[in-house]
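By written order: A, B, C, D and E. Residues from 1 in each chain.
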Amino acid sequence: MANDIILETESLSKHWGGIKALNDISLQFQDKQLHGVVGPNGAGKSTLLNMLCGTLKPTSGCIFHKGDQIEGMKPWKFVRRGIGRSFQKTNIYADVTCLENCAVAAQRRFTGSFNLFASRHANKLVREAAEKALCQVGLDSRIHTVAAEISYGEQRQLELAMVLATDPCILLLDEPMAGMGHEESQRIIELLNELKQTYSIVLVEHDMDAIFELSDQLTVLDNGTHLITGTVDEVRNEPRVKEAYLGKEDEEEAA
Amino acid sequence: MIFEKRTERIFLAIFFVIALCIPLFLEDNSFFVGKATTILILAVFVMSLDFLVGRVGLVTLGHALFYGLGGYLFVIVTPEYEAVNFWIYAMYIMGISALVALVVGVVVLRTSGIYFIMITLAISQMAYYFFFDSLEFGGNDGLFIFMKPETSIFGLNFLNLDNPTHFYYLSLLAVLVTLLAIKIILRSRFGRIVEASRLNPERTEALGYNIFAFRLISYIIGSTLAAYAGLLFALQYGYVNPQFMTWEMSGTALVMSILGGMGTIYGAILGTITYEGLQYFFEHMSEDWMLFMGGAIILMVLLLRKGLAGYLEKLLEK
Amino acid sequence: AAGDPVKIGVMLPFSGIYAQLGEAGRDGLKLALKENAANLHGADIEFIELDTEAKPSRAPELASSLLNQHEADFIIGPVHSGVAMGMIKMLRGKDTVMIIPNAGAAAATGPLCSPNMFRTSFSSWQPSYPMGKVALEKGYKKVYAISWNYGMGRESLDAFEESFTAGGGEIVEKVLLPFPSTNFQSHVSSIADTNPDAVFTFFAGGGAIKFVKDYDAMGLRGKIPLLGSGFLTEGTLKAQGEAAEGVMTGLHYAEQLDVPKNREFREAFNTEYGHYPDIYAVQGYDAGQAIANTIDQLKGDISDKQAVISTMEKLTIDSPRGEFTFSKAHNPIQNVYLREVKDGVNVVQSIAAEALEDPARGCKL
Amino acid sequence: MSNSLLEVKNLNTLYGRSHILHDLSFRLDKGQSMSLMGRNGMGKTTTLKSILGIVPPRSGHVYFDGQDISNLPTWKRMRRDIAYVPEGRGMFHNLTVKEHLQMAARPDSNGKTGWDFDRVMTTFPRLQERLSNLGTELSGGEQQMLAIGRALVTNPRLMILDEATEGLAPLIRQDIWNVIATIRESGISTLIVDKNIKALKKLCDRHVVVVKGKVHFDGSSEELEQNLEKVETALSV
Amino acid sequence: MSTELFFVQLINGLQYGLLLFLIASGLTLVFGVMGILNLAHGSMYMVGAYLVWYFVAVTGSFTVSAILSAVIALGLGIVIERVLIQRLYNRNHLDQVLLTIGMIFVFNSLQSILWGNDPYGVAVPDALSGSVPFTDNSSYPVYRIFAAFICIAIAAALYFVVSKTRLGMLIRAGESNREMVEALGVNIKSLYTIVFAIGVMLAAVSGIIAAPMRSIVPGMGESVLITCFVVVVIGGMGSIKGAFVGALLVGVISTFAAVLMPTMSNMIIYIFMILVLLVKPQGLFAK
């Protein structure tokens, strides 16, 4: 397995006024691995992803992608480098079909989008990629349904399908399983297991089963600071993590 | 098929058949040929606005800037007493307008929503005052165009702009070309991203598209079409006036396009005809035509959820 | 052909800022034709009225409607100079006679003059030019001039300046505000600071009211005399109230003008419409008289448009403002009166200029 | 007087032409806690919205505390002491955290004020530090806490929670379950839509499973245990 | 410009700014806070001015007329919201543009039918008709000082209600998510009716207060409309503070522009707005 570092942060910080959402975080993400990120609510996980994909500018610190310093670039340039992300709060095109949602995502890979004349339906590759992504997350039956008319959980599935359709090298996933039912979650876990053979994935989740099952590396953030990074077992047995995040896990739940 | 909806096809078929025939039943310099020409020209303007507002999501109240500019540019760039070639100068003027739109676009597209509305309004008002206050450009009196351009292509001349019927067909051609152009663009791959940027800009950017570029290009296209409409309008009566650029002009066009059914493009034609038709009717009916006009607008907005096109679609789809 | 009604197209603002002016003009016009009904040799009169809203953009279209659709024999309009230009573009050189019952744009009887275009009102130059002399006579040496930066505003100040500086006066400051801004207070403060011998101004309608009120509110009334082109106090006196007392203006008419025709006209107008007429009604009335007299002299046959024009050119109109004739450029040659507001009335002080003819610069007629 | 707090009878709800709820009926007794389960898209949210009148049902009745509230506007139904934590949290983008709680706070219809600003702060200390932030500036989990807090300060007799623990960290999720358990003890009923069967099983007295807009299972925790297989296939656990 | 004149103009500018705020206050509420695109705002201002003129002519008392007019405007606001605006809340915002432009037509036409097209003026009420000495040869009218105070009072009240009271929070929340507010047990429908009506009343009150200083003419509504929007937008949507500061800035800047470069002075507020929006795309006081 490759040990190449594909994405790296160096003393990354984000402050909102007095709030230190993220403070001095240095992390390394390896190629073809699934890197889990967990932590209590407000720990700064989404903030971290937002900076990794360029939608937020760091207050200080650097981000390196394959050795290039990329923080401060426009978000769409991040995508061109193969960094794709899903949103914690569903962020889809509500007024068009699921297929079109994914087609927008897929189009950039195959054809020039500044073509004013060629019909958007003409490219088969785009359509196939979009359909494939929808099937991957289990929305086969909803391909032609308008996104506003599918249920919340299904929208979460669509959210993920859209990232898949962009076919990035690095997937940044912000709680993809939130709002999904068991069957769907299970399906996503399988899918991610498969995908991490070819992609690098950064996964933020509160679903511990999923995280423990999938993560090669696991980072815990707490209150904007970096608590620990290690393998699942290392992290699981770390008392500070139990106290700050997991609680007495086996007792109540972990369904 | 670039016209996806049945309603759209039916309406456009009827519209073009009737429009082609109108002059056959009227004398050359009949007022109605002129009136119909004005409506066609306005329809081009309103379609270009509908494209920007309804499809690109750029709600502008400064579109009339380009409408007025089309006319003023003609007066400015052509020699006063010489008939120039229409096609060459039309290209020339659209080129300059595109440049202006590029510069304006770079400024205004930094804002969005209501702020975009206001900043476009501000820029068009500034242009309005510029022409209103300037002695060289005729101030509030406006300027006359003394020579209509000639229209030969490679020495062939089949259009005479002094002939109202010919001018009518030129305007009808403009409607057709604008309609097709907008429809093709909307269906294109470019159109897909433009649509996506309207529906959810944040996501579109996160999918790797530089939405600023897409919006800017769309803005330039819409503005250039408006300038062409403005050029035709100025040529029809040979007259330009700063009032063509006021926000009221933009506002009226916006009313027409909303009335017709925002974002439907063909609805813009429908809205223009309806608005102008109602105004003509009420004006000749009563001195208090504004009361009826206002009442009609209010009634329509309350009764029609998605404008006239929406209503037609309810009747005709499935 | 005989038997066909005479069609009079009316293009005036019936809505918007100039609506009152438009209505007055139309009422005057109709009154004239009604009074003259007996002299029309049986011709029926038909009016076609279109609302210009004082918006230039629709002017050519409306003019085309009157010309081509309704085939009007006479077209009366407009109030606003911008609209006038749009109409002129359409009507210039045509057979149909156009009579302007208000708009003062110099171009209409200047560079763009045309045989078929007449004006029964004024050129912007006319009411202001004599005021320069008036100011000098009153002993004012330094005058502050202020108006809107648009056709009539500029032309009015220029006309005043022309005669005032020719006689040795000095314009200490010439301010052109954007039309139709009415934010005058700061300028009134500037005037107080400059402390000129007098102020000359052109404003009309709502702006006139606001300016006179601001001038008074800031305490300048009675300290620095206010002169103006007559529109400053036309149709606005009631709204201005006491603030207008003492304002001196030049105009080709005054309500109390001691001319028999004026008294007659005022009563007739009041009987017809229930209120007394203003300058705009007079101008419309004279447009009506011009038409009626022409029809009368041609014995009801107006089919020969050349004849119509040459007849009209030679008319002497017995106007409530006093008799006037048309200049070569078809602008009235008329007296301009110096008026001063006393107890809410424009009282004539003197004739500021007799039989004043617009220089018609640029007209080749 | 019957003991029923909320009773739903033969609800039929449509979105446009698509028929989502089919003759849906169930009943929740006073002081009880009920779970509503089902896979994605089965109509759980639609059921809740129909009860509250946010999406008007085509036919059917909703009774609250013995009275038919089917024809009341949403706000009047809520005024009978119902609180709602919507799916997606329903934050106001122009209100601060503090204002979210202030604007919603009110005593129940008997004037009782068990839940107030301070109590929410003790329950969710995390929010304390974010009082002057806008609702939409919070992290996902913080928003969820705020949405629950906002519902609590209306001092409801019935709390309706739609995926209220989505995006919450395990510790906080436990806290929420604890809170729900406590409020239940104080006599507040709850109607909960959630994914967490285990937790629901412990917490709720009754369970309803919907499949394609129809009640597939309706019973107590014991009955649930007995029919576990049927339920689990329906939920495809 | 001498220092004295500078201060004189500064006062003029502030006073103009206060008046602008007053005229825009209703719009700040209806558009800025509630998010309703009411282009007929200017018409409400016009209605206020005409009503007070009419009642002064009938009753002779400015105070009585002012109160009567304000009450009528409130009623008008309720009717408009109930009959028209309310039907459009869950539609595209642009439908509001269409509706309110239709209303402009109707109001202009009613004005002409009911009150004719003559320009009118209202005399300054006797109690406030004096003036205080100002510079060497000018004085400052008491009424304008009074008007300035009214503007400040309204600004303060509006700011307090919108940002500090529960009512204000509910109004703002309604702009953000009506459904959710209703789901909290609030009768958002009636609340919005009342608040809209208060917005209309504020517009009318500004017309009433302005009547003795300005001219009452057809089209007066449209002439202030854009300036009001400029004020609200410069300040930042929904911010009363912003609108207040925006109005004062616009007042002062356009006053100085008017004397220093008169021909440019109509453009200046647009230039100012463009500059503000380029630096702060959401207005001065955007959150």
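Quick note on the criterion: a residue touches a chain if its C-beta (ideal position, glycine included) is under 8 Å from a C-beta of that chain, and two chains touch if they have at least 3 such contacts.
The chain list, named the UniProt way, goes like this: A, D = ABC transporter related protein; B = ABC-type branched-chain amino acid transport system; E = Inner-membrane translocator.
Everything quoted here is computed from the prediction, not taken from an experiment.
Visitor: Along the graph of touching chains, what's the shortest path length in steps from chain A to chain D?
Guide: Minimum number of steps from chain A to chain D: 1.
Visitor: Determine the set of chains touching chain C that also touch chain E.
Guide: Expected: B.
Visitor: What is the chain whose Cα centre is as far as it gets from that of chain A?
Guide: Of all the other chains, the one whose centre lies farthest from chain A is C.
Visitor: Report the inter-centroid distance (CA atoms only) between chain D and chain E in whole Å.
Guide: The computed centroid separation for chain D versus chain E comes out at 43 Å.
Visitor: For chain B versus chain D, what separation do you get between their C-alpha means, in angstrom?
Guide: 51
Visitor: CA centre of chain A versus CA centre of chain C: separation in Å?
Guide: The computed centroid separation for chain A versus chain C comes out at 74 Å.
Visitor: Of all residues in chain B, which are in touch with two or more distinct other chains?
Guide: 129, 133, 290
Visitor: Give the residues of chain A touching no fewer than two other chains, as numbers and ranges.
Guide: none
Visitor: Spell out all pairs of chains that touch, sorted by label.
Guide: A-B, A-D, B-C, B-E, C-E, D-E
Visitor: Please output the residues of chain E touching chain B within their complex, sorted ascending.
Guide: Spelled out, the residues of chain E in touch with chain B are 39, 84, 87-88, 91-92, 94-95, 97-99, 101-110, 112-113, 222, 226, 229-230, 233, 237, 263, 266-267, 270-271, 273-274, 277-278, 281-283.
Visitor: Give every residue of chain D touching chain E within the complex, in rising order.
Guide: Those residues of chain D that touch chain E are 52, 54, 73-76, 78-79, 82-84, 86, 90-95, 99, 102-104, 106, 134, 150, 154.
Visitor: Inside the complex, what are the residues of chain E that reach chain C?
Guide: Where chain E meets chain C, its residues are 2, 4-5, 8-9, 12-13, 15-16, 108-109, 112, 116-121, 123, 131, 134-141, 143-144, 213-220, 223, 254-256, 258-259, 262-267.
Visitor: Looking at the complex, which residues from chain A come into contact with chain B?
Guide: Counting only chain A, the residues touching chain B are 53, 55, 74-76, 78-80, 84-85, 87, 91-96, 100, 103-105, 107-108, 111-121, 123, 162, 166.
Visitor: Touching residues of chain B toward chain E in the complex: what are they?
Guide: 53, 59, 107, 110-112, 114-115, 118-119, 121-123, 125-126, 129-130, 133, 247-248, 251, 254-255, 258-259, 262, 288, 290-291, 293-298, 300-302, 305
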